[in-house]
Amino acid sequence: MTEIKKLIDENGLRVDGRKLDEIRPIKIEIGLLANADGSAYIEQGRNKIIVAVYGPREAQPKHIGLHDRAAIRCRYHMAPFSTDERKSPAPSRREIEISKVIREALEPAIFSEYYPRSMIDIFIEVLQSDGGSRCAAITASSLALADAGIPLKDLVVACAVGKIDGKLAVDLSDVEDKLGEADMPIAYIPALRKISLIQMDGIFTEEEFFKALNMAKDACMKIYKIQKEALKQKYLQTEKE
Amino acid sequence: MSVTSQVEPLTKIKSKRMMKLLASGKRLDGRGLLDYREIKIENGVVEKAEGSALVSMGNTKVLVGVKIETGQPYPDLPNQGALTVNAEFVPLAYKYFEPGPPDENSIELARLVDRGIRESKTIDMEKLVIIPGKEVYVVFVDVYILDHDGNLVDAAGLAAVSAILNAKLPVYRVKENGEVIKMDEYVPLPVQNCPIPVTMVKIDDKILVDPTLDEENMASAKLTITLTKNGEICAMQKSGLGAFTLDEIVEAQKIARKKSSEIREKFFREWC
Amino acid sequence: MTEIKKLIDENGLRVDGRKLDEIRPIKIEIGLLANADGSAYIEQGRNKIIVAVYGPREAQPKHIGLHDRAAIRCRYHMAPFSTDERKSPAPSRREIEISKVIREALEPAIFSEYYPRSMIDIFIEVLQSDGGSRCAAITASSLALADAGIPLKDLVVACAVGKIDGKLAVDLSDVEDKLGEADMPIAYIPALRKISLIQMDGIFTEEEFFKALNMAKDACMKIYKIQKEALKQKYLQTEKE
Amino acid sequence: MSVTSQVEPLTKIKSKRMMKLLASGKRLDGRGLLDYREIKIENGVVEKAEGSALVSMGNTKVLVGVKIETGQPYPDLPNQGALTVNAEFVPLAYKYFEPGPPDENSIELARLVDRGIRESKTIDMEKLVIIPGKEVYVVFVDVYILDHDGNLVDAAGLAAVSAILNAKLPVYRVKENGEVIKMDEYVPLPVQNCPIPVTMVKIDDKILVDPTLDEENMASAKLTITLTKNGEICAMQKSGLGAFTLDEIVEAQKIARKKSSEIREKFFREWC
Amino acid sequence: MTEIKKLIDENGLRVDGRKLDEIRPIKIEIGLLANADGSAYIEQGRNKIIVAVYGPREAQPKHIGLHDRAAIRCRYHMAPFSTDERKSPAPSRREIEISKVIREALEPAIFSEYYPRSMIDIFIEVLQSDGGSRCAAITASSLALADAGIPLKDLVVACAVGKIDGKLAVDLSDVEDKLGEADMPIAYIPALRKISLIQMDGIFTEEEFFKALNMAKDACMKIYKIQKEALKQKYLQTEKE
Amino acid sequence: MSVTSQVEPLTKIKSKRMMKLLASGKRLDGRGLLDYREIKIENGVVEKAEGSALVSMGNTKVLVGVKIETGQPYPDLPNQGALTVNAEFVPLAYKYFEPGPPDENSIELARLVDRGIRESKTIDMEKLVIIPGKEVYVVFVDVYILDHDGNLVDAAGLAAVSAILNAKLPVYRVKENGEVIKMDEYVPLPVQNCPIPVTMVKIDDKILVDPTLDEENMASAKLTITLTKNGEICAMQKSGLGAFTLDEIVEAQKIARKKSSEIREKFFREWC
C-alpha cells in the first residue's frame, strides 16, 4: 500500500494497457431474467452488474404514489462477495447515496408523467465491482428500462473521467480510482443533450474541468453506440424467436 | 414473528390444466413427476470472490459467492475454522421480494444449506486453523437469488457446494513472533463431501421433484432431503401449510436418494 | 469440552437414567394465564415453556389478512435467562426459523378456513430450554389452541429422535443434543395420521432413518396420551368451578 | 418519540360501578383503597438462571431471571461490578403488547426498577470485582411480564429483589499469571438492602394502591415511590396524563411508607 | 474521578458560587425558528436547549389519532456534540424515558380535548447539556406551545432539588448531579397548583423529601416569573412589529 | 431504496409571481439571481464541543459541532487521523422531517460536505496521529439542521469549515511505556484549506444561487460546486429530477467560482 504505483507508463499507457481516452471493454446482455419486466447485464472492465426493472405497477405502499407522475424506486446494492473484502449485506451510506443519484440520473429520460400513481422499480445488483460501477449501472439500467417497454426520451449513458498521474483519463478502473487524484462521473442523455448526473471528488483546475467534461461526453457517446447496438441485437433476436 | 403468507393464486385455467396433467403423471412444462429441469452450473463467475458458482435450474438462477477471511474461532470450537451461510432474496429476483434484512424464508434457506454443509462435513473445518484458539479462517457462503422460479433450496445447495469446490484458500504464514502474513499463494479448500439437497412438493397426493414456482404455489407441503456422498441423510426440512403421511415421507426419501445420486454423478467428482 | 462423554452406560441407560425409547417426564398445565384466550405450560425434562393463544381476532395490520382463511401468527421466543449463557432478547436466526416451522406444524391441524380475514396468535416463551424445546413448544401450543376454543382437527404432538453413541434414542436432552450425532424432530397429528413437521441434522443411514421415524411416532403417541389427559383434567376442573 | 397512547375504555356499566364503589371507599374486586391484592412469591423457578422469582399479584404475573457473567467494568467505575436491568413486555402477556424492541413503557419500567436497586445499594457492587479495572461480574436482571393486570412496577420490583436475594454468584479464582478460572462453587450475591416500590393511582381524587389494569385505565395519574429498609425514599416516578397536588404527593408518600414496610415484613428477612 | 470533591464551601456556597436555594442564570428566547409553529430557546446554566412545536395538525399516521383529544408527540433528543463524550445520534434508553415523562408533564396543561384526531408535536433538541436538562426542556416546551398558540391551562415550569454534601440544593448543575446524593426533578403548573412530573433517584429521608418538595416549588415559581416575563417581552415585540 | 419524493407545491399565485419576477431577473425576496441571502456565522456556540459554528442564511439555520476523540486509525491509513461527517435532519427544523436514522437526503448532504473537506485537505490528517498505526485523533463533524429554508448544503459547508477552524485539539502525551495521557492543553486543528460550496438551481432555464425552499421546490435540478482556496474544484453534485446542458454546467462553474471567492473574502482568513 505504501509504494507509489505509476499509473501511466512511458508510452502513455495505463496499467491495463489502455490509452487515456479509451474505455474498458464492455459486454452487454439484455432480457436475461425471466421474472423481471426488463433486465440487462453489463460487464465493463471487471464490473459485473445486473439490473431488473419491474413496472409500471401500482404504487405500493400507496402513500409513495404521486398524482402527476410515476414514482421511480431505485436500489443500487452490492453483493457481499462483489468486493475485495466481504461487504455486509446491509446498505451502506455510499449505496444509499448512489441509489439516489442513479435515480435522479435516470428520471429525466423517463416519460414518468404517463403513469401517475404507479411505480417503476429499478433494482441494481453489483455482482462484482471495479471502478465506475455507478456509471455502468446507469448504462445498464436504461437498457433494462427499455427492455421493460418503459417509454424513454432516450437511453441514458454514463462514464467517468478522472485524473491519474496528473493526466485526465476516461473510465477509471478500481486501482486508478483509488490511487488517482480525481474522479468525475457524468450521465448523459444524447437526444436531450443534457447531463443528468455529475459528481466529482478530488482536485480539478478550471481548465481540467472543462477538458474533463468534454472527454466524458465523448466517452459517453462511444458507450451509447454499444448500448444501441445491444438493443438492436436484442430486438432482432426477439423478432427471430 | 412468522405469519401465514399470501400465495399468488394461479389462474383457474392454469391450475385446472396442471391438475389434469398431474393426474396422468405429467407437468405443465412437459416433465415427468420425478424429472429435474435442466441444470447448468457455471463456476468461477465472480473472480473477486474466493469461490463462486451460478446455478440455473430452468428459469431459477442462484449465484453463490464464497469469501474467505481470517478471524477468531468460536470460543467453544477453538480448533476449527468458522462457517457462515447467508442468503439474500434480492428484489431483482421476484416481484414480491422486498429489500430489507433477511426474512424467515431467506433465513430458513440459509440455515438449511448451512446444515447440509456442516453436518456432511463438506469442509474439513479442522484444517482451517491458523493459530489454534486465536486465528482461523472464516468462510462466508453468500447465496444470491437472481431469478425465482421455484426450488431455490436445491439451486442454492448446488451452487454453494460448487462454489466451495472451486474456492481458493489464501495461504497464511505465522512468523516466529506470532505475526500472521498473507502469502501470495492459494490452495483449494479442504473439501471432503458434497451434500446434494433434493426438494419435493406434494400436490393432490402426488410427489413432484424440483417444483416450479407455480407448482410450489399449488403444493400443500414441501420436503427437502439432503444426502451425502455415502448415501446418508444429513439434513431434512418440511415446510408449507400441509403435512405428509409416514408413507409419503418414506417414498420421498427413496426419491431423494435416487435423484441426489443422479445429480452427483453428473456434476461432481467421484470422491465427493 | 474436550473430554468425550459417554452418553449410554453399560446398562444401556442414558445420562439421566432413561432407556433409549423413554421420554422425559412431562408436566402440563392448561389455562394458567388470565389475559390470553388460551394458554398452556409444559415442563419436559428441564424445558419450561409457556404458550398463549389470542384470537381469532381481526387481522392487524389489515394487509396480513387472508380472504379464505385465518392468518396464523407464531412467535417462538427464548427468555434471556432461559439458556446457560444469557441470550440477547432480540430474535436470533434460529428463533425466526423455529417460529416458521412451528407455525407450519400447527396449521394443518387448525380449521383456519372458518375465520377468513382473522388472525390467530400463538406466542411461545421458553422460560428454560433443554433439548427439544421446539417439540415441547408444539405439544403445548396445540393445547393452548384447544384451550382458546379454536376448532382443531386434532391435537399436534411432537418429539425428536436422535442418535447418541451410535444408537437411536427418543427425546434428546440438551447434553445429548450437543454431543449426539443426529437429531430429528417430528410433529404428528394422530387423527390425520400425518407428519406436519420434520427436520433433521446430523447423519442417518437409510435404515436408521426408517427406524427413527417409527420411534418418533411411538414417542409422539405416548405424549399424545399425556396431552389428552391434561385436557380432560382441565375440562373436569372447569366443569366443577 | 413518545406519543399519547390509546387507552382501552371500560364499559360504561363497569366504569359507573367502579366510580360508585370508590365513592364509598370500595373497589370492584372488593378491596379497600389501600389494600394490595394477594401477593405470591415463588423463588428459584428457573434453575438455569443464577437467580429467579415469579411474583403474582392477583392476575398480574411477572418473572425475573438473574444471569451473572463476567466482563469489563464501566471505564468510570473500574472498581465496581456492572448491573443491567431489562424488561420485556412479551405479547403473551397482554393483547396489546406487540413483539419488537423495548418500547417506552418497558424502558421506563426497567429504568425505574434499576433506580430502586442501584440507589438503595441493594447489591454491594464493590464486592463484584474479580480483577480491578479489568474483569468484574456483570449482573443481568431480566424482567419478563407473563400476565398483565396492572401494577407491573411493584410486581417487577418485588420479583427483581427476590431473584437477586436467591441468586448464586459463581466463584472465580485469579491465578498468578492473571488467568481467571471459574470454580465449581457458588456464594450468595452480596445483598445489603431491599427496595420495595409502592404504586398508587389517582381516580376521581382518590388514591388507590396496587391498581388493576381497569383501574390504571380509569386513573388520571400514577405514582411509584420506592423505599429502602431504613425508610428512605430511593426512587420515585409519576406517570400518566394527569397531575397531583402537593398534598396528594405528601399523602402518597405516607401510604407508600406504610405499605412498603408491611410487604417487607411479610416477605423479606429482617436485615433487608 | 477518585478524589472526592467538596460541593459546598465553608461559606455555604456551591461550586459555581450559588447559594443552596439559588437557581442558575436563565436566558429565554421565544419564536426564533421560522418553520415551526412555535419555538423557544432556553439557556439555564450551561444547558442550551431549543424546542419547536408543530400543530395542531392532522394525526399522521392516522392510527395514532385519538377520538377525544389531540395526540401529543414528544421527542427529547441530544445533539451528538451536546455532551462531554460524543453521543451517538440514535435515541438512548434515557432519552426515550425522558421523552415520555416530559410529554406527561406537559399534557395536563394542554387543552388537548379541543383537537380530537389531531396531533401536536414537541421537538426538543439539547444542543448542550448540563444537569437538569429535562426540567429546562419542560420550561422551554411550554413556552413553545404558547408561542404556537396552543391553548394552555397555564405554563408548565420545572426545576430539580437535589442533595449535595448532605444538604438540599435547587437546580443542580452537571457536576452536582454526578457527585451529589439525590436528585428530584419536578414540574409544576401554577394555575392548577399541580405537580405534573416528579421523579427521584438517590436517597431522601421523609423530612428531606418534604423540604425538597417545597424548595422545588419555590424554585419553580421563580422560573415561572422569568417565563412569564419572556412571554410578555415576545408579545410586546410582536405588537411593535 | 431511493424513491421519487413528494414536493410541496407552491400556491398558484406564488409560483406565477415567482416565474414572472424570474423573467425579469428578480426573485420573490427581492434578490438578484446571483445574490446570496444575508449570511451570519456565529462561532463557538457550543462550549462542550471542541469546535462549533451556527450559520444562518436567511431563514436557514445550521449548527455544526466538532467533537474530537481518540481511536484506532483505518487499517489502510495507519498514519492518518480519522474524519466522520454526519448530518441530522431533526424534525424541529421542518414539518416534513421525521425522526429516525439518516435518510438519503441527510446522507447525501453529509457525504458532500465530507468530500469537500476531505478532498481539499482542509485538515492535515497526517498531523492527527498519536501513535502511528495504533492511536489517532478521530474528528466527528456533526451537522445539525435547525431551520430549513433551502440551501442546506452551503449553510452546512460553511458551518463545518467554521467549526473546524475554531476547534481546539486536546494534546496527548505518549509516555515511555506507551501509555497515552490527555494533557490539560489545547492547540488549534491543523487547518490548511477552506472549501466553499456554492449551490445553484435551475428554474425555467435560469440559474439562481442560494435557493430558498420555495425555489428548490420549483427547480428542475440543483448543482453544488465546491472550490478550494486556490480556485480548484474539489467536489460537485447534481441532484433533482431534471438535467443540465453542458453550457449550463460551464456557466454554473463560473458563477460558483465567483461566489465562493466573495464568501471566502468576507468570512475567512487570507491563508485559507
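Letters are used for the chains, namely A, B, C, D, E and F, taken in the order the chains are written, and counting of residues starts over at 1 for each.
Heads up, the rule we're going with is that contacts are C-beta pairs under 8 Å (C-beta built on N, C-alpha and C of every residue); 3 or more make two chains touch, one makes a residue touch a chain.
No experiment lies behind these values; they were computed from the predicted model shown.
Asker: Compute the shortest path length in steps from subunit E to subunit F over the network of touching chains.
Answerer: Shortest path length, in steps: 1.
Asker: If you take the chains that touch subunit C and keep only those that also touch subunit F, what is left?
Answerer: none
Asker: Enter the angle, 0 to 180° in steps of 5, of the rotation superposing CA atoms of subunit B on those of subunit D.
Answerer: 120
Asker: Taking each chain's centre as the mean of its CA atoms, which one is farthest from the centre of subunit A?
Answerer: Chain D.
Asker: In terms of residue-numbered contact pairs, which of B-C, D-E or C-D coincides with E-F for over half of them?
Answerer: C-D
Asker: By mean C-alpha coordinates, which chain is most distant from subunit F?
Answerer: C
Asker: Distance-wise, how many Å sit between the C-alpha centres of subunit A and subunit F, to the nearest whole number?
Answerer: It comes to 27 Å between the two C-alpha centres.
Asker: Suppose each chain is reduced to the average of its Cα coordinates; what separation in Å results between subunit B and subunit F?
Answerer: For subunit B versus subunit F, the centre distance works out to 48 Å.
Asker: Roughly how many whole angstrom separate the Cα centroids of subunit A and subunit E?
Answerer: Whole-Å distance between the two chain centres: 51.
Asker: Mark out which residues of subunit A touch at least two other chains, giving numbers and ranges.
Answerer: If we look for residues of subunit A contacting two or more partner chains, we find 75.
Asker: Out of subunit B, which residues touch more than one other chain, so two or more?
Answerer: Residue numbers touching two or more other chains: 1, 99, 102.
Asker: Edges wherever two chains touch, nodes for the chains themselves; is that graph a line, a ring, a star, complete, or other here?
Answerer: ring
Asker: Round the ring, from subunit A on through subunit F, what is the full list of chains in order?
Answerer: A, F, E, D, C, B
Asker: For subunit E, which residues count as touching subunit D in their complex?
Answerer: Against subunit D, subunit E makes touches at 1, 64, 66, 69-75, 93-94, 96-97, 99-104, 107-108, 112, 119, 184, 189, 192-206, 209-210, 213, 217.
Asker: Can you name the residues of subunit A that touch subunit B in the complex?
Answerer: 33-36, 39, 46, 48, 50-52, 54, 57, 75, 77, 79-86, 89-91, 121, 123-125, 127-129
Asker: Over in the complex, which subunit F residues touch subunit E? Could you list them?
Answerer: Against subunit E, the touching part of subunit F is residues 45-49, 52, 59, 61, 63, 65-67, 69, 86, 88, 90-95, 99, 101-102, 140, 142, 144, 146-149.
Asker: Can you list the residues on subunit D that touch subunit E in the complex?
Answerer: Residues in contact with subunit E: 1-4, 6, 76, 102, 104, 107-108, 110-111, 115, 118-120, 221, 223, 228, 231-246, 249-250, 253, 257.
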